[in-house]
Amino acid sequence: MGSCCECMKNFFGRQKNTNVRVSLPAVCFVWQIAMIILFGVFIRYDEESDARKWIEHKRDHNITSDIENDFYFRYPSFQDVHVMIFVGFGYLMTFLKRYSFGGVGFNFLIASFGLQWALLMQGWFHSLDPNTGKIYIGVESLINADFCCAGSLIAYGALLGKVSPVQLLVVTLFGITLFAVEEFIILDLLHCRDAGGSMVIHAFGGYYGLAISWVLYRPNLHQSKRLDGSVYHSDLFAMIGTLFLWMFWPSFNSAITDHGDGQHRAAINTYIALASSVLTTVAISSMSQKRGKLDMVHIQNATLAGGVAMGTAAEFMITPYGSLIVGFCCGIISTFGYLFVSPFLEKYLKLQDTCGVHNLHALPGMLGGFVGAIVAAAATESVYSAQGLINTFDFEGEFANRSVGTQGGFQAAGTCVAIAFGLVGGAIVGFILRFPIWGDPADDNCFDDEVYWEVPEDEETIPPVLEYNNHMIHKHQDISESNFSVEQS
Amino acid sequence: MGSCCECMKNFFGRQKNTNVRVSLPAVCFVWQIAMIILFGVFIRYDEESDARKWIEHKRDHNITSDIENDFYFRYPSFQDVHVMIFVGFGYLMTFLKRYSFGGVGFNFLIASFGLQWALLMQGWFHSLDPNTGKIYIGVESLINADFCCAGSLIAYGALLGKVSPVQLLVVTLFGITLFAVEEFIILDLLHCRDAGGSMVIHAFGGYYGLAISWVLYRPNLHQSKRLDGSVYHSDLFAMIGTLFLWMFWPSFNSAITDHGDGQHRAAINTYIALASSVLTTVAISSMSQKRGKLDMVHIQNATLAGGVAMGTAAEFMITPYGSLIVGFCCGIISTFGYLFVSPFLEKYLKLQDTCGVHNLHALPGMLGGFVGAIVAAAATESVYSAQGLINTFDFEGEFANRSVGTQGGFQAAGTCVAIAFGLVGGAIVGFILRFPIWGDPADDNCFDDEVYWEVPEDEETIPPVLEYNNHMIHKHQDISESNFSVEQS
Amino acid sequence: MGSCCECMKNFFGRQKNTNVRVSLPAVCFVWQIAMIILFGVFIRYDEESDARKWIEHKRDHNITSDIENDFYFRYPSFQDVHVMIFVGFGYLMTFLKRYSFGGVGFNFLIASFGLQWALLMQGWFHSLDPNTGKIYIGVESLINADFCCAGSLIAYGALLGKVSPVQLLVVTLFGITLFAVEEFIILDLLHCRDAGGSMVIHAFGGYYGLAISWVLYRPNLHQSKRLDGSVYHSDLFAMIGTLFLWMFWPSFNSAITDHGDGQHRAAINTYIALASSVLTTVAISSMSQKRGKLDMVHIQNATLAGGVAMGTAAEFMITPYGSLIVGFCCGIISTFGYLFVSPFLEKYLKLQDTCGVHNLHALPGMLGGFVGAIVAAAATESVYSAQGLINTFDFEGEFANRSVGTQGGFQAAGTCVAIAFGLVGGAIVGFILRFPIWGDPADDNCFDDEVYWEVPEDEETIPPVLEYNNHMIHKHQDISESNFSVEQS
């Protein structure tokens, strides 16, 4: 039966060549060498991580203690974000019964490449020093690079199991590039605030992945249906991802907000919103199933929707009960998405979304953008104080005279920009990925680690009959097996 | 056999209706809406997380740097505690072979509801501003809310696999309420110190769960015996929980202690005590088994006893070797508990304690309370300095003249209060849970995720006989099967 | 077959007695009691964790805020390091199909004993106060103790599955002792810098383990070949270890570097180097396999090589692209090690290295030592500033006049010292471990948790034939079994 399996693979393999033995190493080496050259030309330590400059900086700014180094404000949050990117996103994508290596492994590959390219792209757009032509990096740059990867990892969620690692590196290259551009437009030109990235990360990343998946529609994906589901232990691995995302989301939304009250408030708001999402997710999940049974897909995903939707508003004075309301609604909306919208998208829009990123990222991200717009427009001096408004919305320089109402309008516009970038960029990248050179799997070969990984032989995976025979032959040669063995051969 | 299984379920299901399709969503929605209303009325940002107030606070207190915000003192510890609550407690309860979804999933539900209710309850009792009638929250409130949940999660450990999610929400509602009251009595009225909660969290939570479990005694629980155990991989999932609890326990015990030396010392003491517990747990576990084999139950649980027992004394000057001694003793006591006390309780006291919370929380928590009392009573000015004594024991205001001996007495009294609240409160809640409306499982249906979860079909879960026959029927219909069976027998 | 298995075990067991029921508890108790006594004699809180001394320290140094306590500089990094030691190393060693309990469990035991002994050994060598005869500990001591354990855990990687827990405790006792001595020579006498321990931790630990393994060579280890491999889910558990090591390595390399720019720079450099390692590991792994498939062994291990190799240089001004180059090369070298060097070592040098610590720790650690030497020798005042050079290389006191060139030479010498200590110390410890009193497993019994653990009966592990028969005998004794198939269908 092993050989039979092999034979069927070869048969279908004729249509698709999944051999990446040349392309994958080539892409990795070329891009990594490019990174080394570009880092050599452009990237330097900033004034807080450079041995000479930190001494000068302390002297120039009358700083008496090293604790004022931005490292101590941001590093704990950075590490939490880092865990979310690699363990959170990675393990969340291990839920498929036989694509867990691909889930966590390709996530690892994408993020490791993406963060390097992000340091460059974000540096060119946000922090290139015009005098020296250099990009100066510190801990905040690392956080931003991780954020930038999140966009591409979200897109991976929609493509999980259906693309090759080479395709994923292409998705990441373009994803990071598009991210840096839309982020520049939204944060710098439109002067939006989006500390936790409802717009720039989640709405963009979600629609980017959905557009790619739409272009790569596989009409015969049902041929892989046997593998498109979880087993008991793969669901438990996925819960590790869910929980690390859920627990560290307050750090995600507060990691690059203002020192002091900004970080503090963003963490509180996110913590509260997430708690609320869990309750409504459980409620809707239970209502939707026979005998009120809970569905692991909902628990693994929709519980996180409150964090996504607080990405923009978390640093504002949304109030604790405002956060609860956002989490309440998003838990419901996201669970309904898994129940009704995903099947609808697949059936009528020909959109196959493996992890349901529409329900977890795209839609809550968009909602989060609009929530941010409303909360910004509703800001008052009595609540924030005059200085607080300036601090929170960064009304300085050319934006010193912007009103909160205008700010709200720009926030809403920013959300639309993020979605547009995701959809258009994703469609273009999708067409690039349709060239038959990338080594993607055949329709009956999706969701299968065997294609790109050396998978250990597992007693559990060998069908009992076969194993039975092996044992028989091995151990019971002395007994009359003639009837049995004959019909097997 | 699948249908046979179904049929048996229906047969026994007649006694118990485990359908929670109405009750679970109803409870979730009603309580979550209540939370929104109560948060709207009562909860506001405190002076360190509010945009206006932080600016005023810095001005009024001559604070020059945002690093003085309590966020930077407490947030790293908060995140560690958060991981303990959701991953630590959650995965520790995945050890059962077929109740891992319930272990980690209901833990998630309980804690998410509990922390909201805790913010309110603890706020009313500890930080309600009498002028404004508002509760002001900051990062320390979040830590306390997580702590408060821990009490109910400990209680869940005793009930694991035997109750419905609706019952668990009831356990949590009352658990949080009782916690806030006993905490008010112990910390505010008796003026005890209990930073890591040996008394208020572990002794209370442990006895609360045991009392509930005692009232809910199931004489025919042996009917579920087939599921009351672990498999290889479920033990590995449980070890994830164990290790995150073990590693972050220094953060747990230091999270809300005094800034500076208090946090520093609490972390060191807990680190040391835990290391010592591991060695004695291994020793006793090995002594107790044939050929010196180790038992995963002990390694997963008793290694943590040192952390529980240091909950009160960690912030005191217990000395490093004092911490070692506490860990040494508690590792032994806790492992003996698993070996002898749990079977005794089940047999003679009719107390079924799934996770052995008696040995991990109740008993070490009680011991920790008394250790704290002794260490407090032994405090001297030569060791702490006069100011150090005031800082450590908070001898200010109406307690300015309390002696350390008196403090020790009150610490011991506080331990008794915690136990009393746990036992009496748990007994009452247990009786409430005996109403036949909560959807709890039948005696032969415990420890089974099938009851409350959509469980994926797993090749591994289908008994081999059935699978064998299925394959036979499917593939060998053409052969005479009578021969086959004969040569097998 | 259960009894057959048992019988074979007894047969081979005659050669080897794996009963540790006396020796393991005895060693644990004796050593833990010794720790208590030695801690009582020697160990005290330092000036930042002592109630009295912190007040005096603040007064004497005009410190106005508790945030200046070293706790707030180091504690987040400490917790990350702690996770690496217990979850990172622990789960990385769960990859074997039936030695996961031993992997994570004995790792837990080793580290818990080791950190206590390390506090003493490192205290005696580095921080014994000559006036009081006491060792004063704070958070930096805890980090150093964890580092010290890492050396012995690396050695365990080479021995995984082939030694008894008693032997491991002996390995740890000597490992910690040797570590403290070589660290004293390298850091204090040679005045090397090695914040992330390329030399003192990785090169030493790696060669220590390899030398022990070489002495304990088992010519008939192939008899355990059936267990010397992974299964699908054990690889996923191992990836948890890999990712936590990978993510927190920036904290590892920056945990004890200079406050301010030192910690900041070390974290950035390590983050960058690790990202680069992932790409080249994937490239070489893919190139080496049929159809470009990735090998989990490489992804789990070689991706970390960049972090190991940056252990010394991370705190220097190696520049971001320098870090990329180090990661680039080490990913390649380490993967080649798994492909070619490990088989070579086993075949020609009779060296069995279960986890391939040669490729992950020994070789990259040695390279890291030399990279550090080169970067140190290339340091200039124009890059660091005069004060920056003094801060970074600690050119104070008797070393005030050392040139960077000299420093480079000493760094290289330090690397050789570490390797020599590892090889010689390991060989001696190996011979000690060959006494037939330690309860190590027989050659056909390696990589098997059954030897030292109570392993739960797992449906999956029982071969279907046996289970089939068991069910037959158990359930159908009353029926004529020739009819059996008939009545099932």
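As written, the chain order gives the labels A, B and C, with residue 1 at the start of each chain.
The definition used in the following text is that a residue touches a chain if its C-beta (ideal position, glycine included) is under 8 Å from a C-beta of that chain, and two chains touch if they have at least 3 such contacts.
Remember, it's a predicted structure, so these values are computed and weren't measured experimentally.
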Next on the checklist: Quick check on chain A against chain B: do more than half of the interface residue numbers occur in both copies, making it same, or fewer, making it different?
Outcome noted: different
Checklist entry - After a C-alpha superposition of chain B on chain C, what does the rotation angle come to, in degrees rounded to the nearest 5? => result 120
Item to check | Between chain A and chain B, centroid-to-centroid distance (C-alpha), Å | outcome: 31
Checklist entry - Which positions in chain A touch two or more other chains at once? => result 67, 72, 76, 233, 240, 460-461, 464, 468
Checklist entry - Inside the complex, what are the residues of chain A that reach chain C? => result 18-25, 28-29, 31-33, 35-37, 39-40, 43-45, 48-56, 58, 65-67, 69-72, 75-76, 79, 82-83, 86-87, 90-91, 94, 98, 100-101, 104-105, 108-109, 112-113, 115-116, 119, 137-139, 142, 165, 233, 237, 240, 439, 451-456, 458-461, 464, 467-468, 471-472, 475
Next on the checklist: Looking at the complex, which residues from chain B come into contact with chain C?
Outcome noted: 67-68, 72-73, 76-77, 80, 97, 229-233, 235-236, 239-240, 243-244, 246-248, 250-251, 259-265, 267-268, 271-272, 274-276, 278-280, 282-284, 286-287, 289-296, 299, 303, 317, 319-321, 324-325, 328, 383-385, 387-389, 391-392, 460-461, 463-465, 468-469, 472-473, 481-482, 484-486, 488-489
